[in-house]
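Handing you this structure, nothing more for now.
Chains here go by letter, A, B and C, matching the order in which they are written, and residues are numbered from 1 within each.
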Amino acid sequence: MHWYQKEISLTAKRRGFHLVTDEIFRQIPEIKAIQKGMANIFIKHTSASLAINENADPTVRIDMESHFNKLAPENALYYRHNTEGPDDMPAHLKSVILGCSLNIPITGGDFNLGIWQGIYLCEHRNNGGSRRLVITLSGE
Amino acid sequence: MHWYQKEISLTAKRRGFHLVTDEIFRQIPEIKAIQKGMANIFIKHTSASLAINENADPTVRIDMESHFNKLAPENALYYRHNTEGPDDMPAHLKSVILGCSLNIPITGGDFNLGIWQGIYLCEHRNNGGSRRLVITLSGE
Amino acid sequence: MHWYQKEISLTAKRRGFHLVTDEIFRQIPEIKAIQKGMANIFIKHTSASLAINENADPTVRIDMESHFNKLAPENALYYRHNTEGPDDMPAHLKSVILGCSLNIPITGGDFNLGIWQGIYLCEHRNNGGSRRLVITLSGE
């Protein structure tokens, strides 16, 4: 039985949906020691989130940004939390809709993802900066 | 300590929200060996998703389909990813909103769900076909 | 290796988003025995949910309630499930959007949350009553 836990950073990204499977994977070589288990990826922020979706066509990620800007628009008249800029309250809303952690099965030392699945960093701020993740791996 | 992992399939279902608690449970008899632990159910697709909600009244699942068709409509003018049919980009959006994995406590060899809770397969494509899940059980 | 599991209750809360990090933490002193691991918090209901977001400014939680009332409004003409009151079907919709379980890394005997993160109970019913959670801790 293995437990492995570490904190890693993702480089600063512009607002939008970004494929980060490889940027995460290369920072956790310890995953190779696990034949069957689970990976938890947790983002320690309230205005960026994590998701899993299509890894091939970049227009999917563009459409996600467009659509989430409709689902959680800037400057809604009923927002009271607006002192940190028009992108701030929508960022919190997108974060709870998408979620702050992923749980991915590990099989044979690798993420057991579907062929079209990749990990997204969803950056909801205009200038969110580098983002901090906790990775916890367990298994045998 | 037990780790158990397997891939299973769900039969093809029409677009909509489907109760699949029993279809999953009967494929994982190994759960009975675990007194306390966790089950992760992960769907290896980007246009179907998993959720937990009301297990009794089928109109809840009909309303979910109606409402998600409003939240992520077909043929939005700003969609760029539209070569795979009008149901494709909405399927990706519904998938990230609902999520691709569930984490359910195991107690006494069974899912520890609330009395009204059941597991939904949310099929977002008109013809999604059979869907592939990875089930990972851990506990003691 | 530790596995710890228990059911706890949260006191009844009015409809809205509530910070419950401390109400949960003080009911699981067993977490202090775990140096690295995972906590799963699972709500056994279909009309309340759990989320992680901003822990400081209460206007964020007010705006969440306002916005989710737009995302899943009462009395939509297409709802068929409406015998349990106008707040019932929207509660089910909010529950699947936000989700019924959280997975939080444990580090050094505590939740490893970001400095601005807290745990929300999202109460979607007008009179939801006390809510039941299953807490599962694992780690070493």
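The definition used in the following text is that contacts are C-beta pairs under 8 Å (C-beta built on N, C-alpha and C of every residue); 3 or more make two chains touch, one makes a residue touch a chain.
Not measured: the values here are computed from a predicted model.
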Quick one: do these chains touch in a line, a ring, a star, all-to-all (complete), or other?
complete
Enter the angle, 0 to 180° in steps of 5, of the rotation superposing CA atoms of chain A on those of chain B.
120
Interface check for copies chain B and chain C. Shared numbers divided by all numbers used: above half gives same, below half gives different; which is it?
different
Starting from the mean Cα coordinates of chain B and chain C, work out the distance between those two points in Å.
20
Would you mind listing the residues of chain C that make contact with two or more other chains?
1, 71, 97, 99, 103, 138
Which residues of chain C touch chain B in the complex?
1, 3, 5, 40, 42-46, 71-72, 76, 78-81, 89, 92-93, 95-97, 99-101, 103, 132, 134, 136, 138
Could you please specify the touching residues of chain A with respect to chain B in the complex?
1, 36-38, 51-54, 57, 59-60, 62-64, 66-67, 71, 97-99, 102-105, 107, 112-117, 120, 138-140
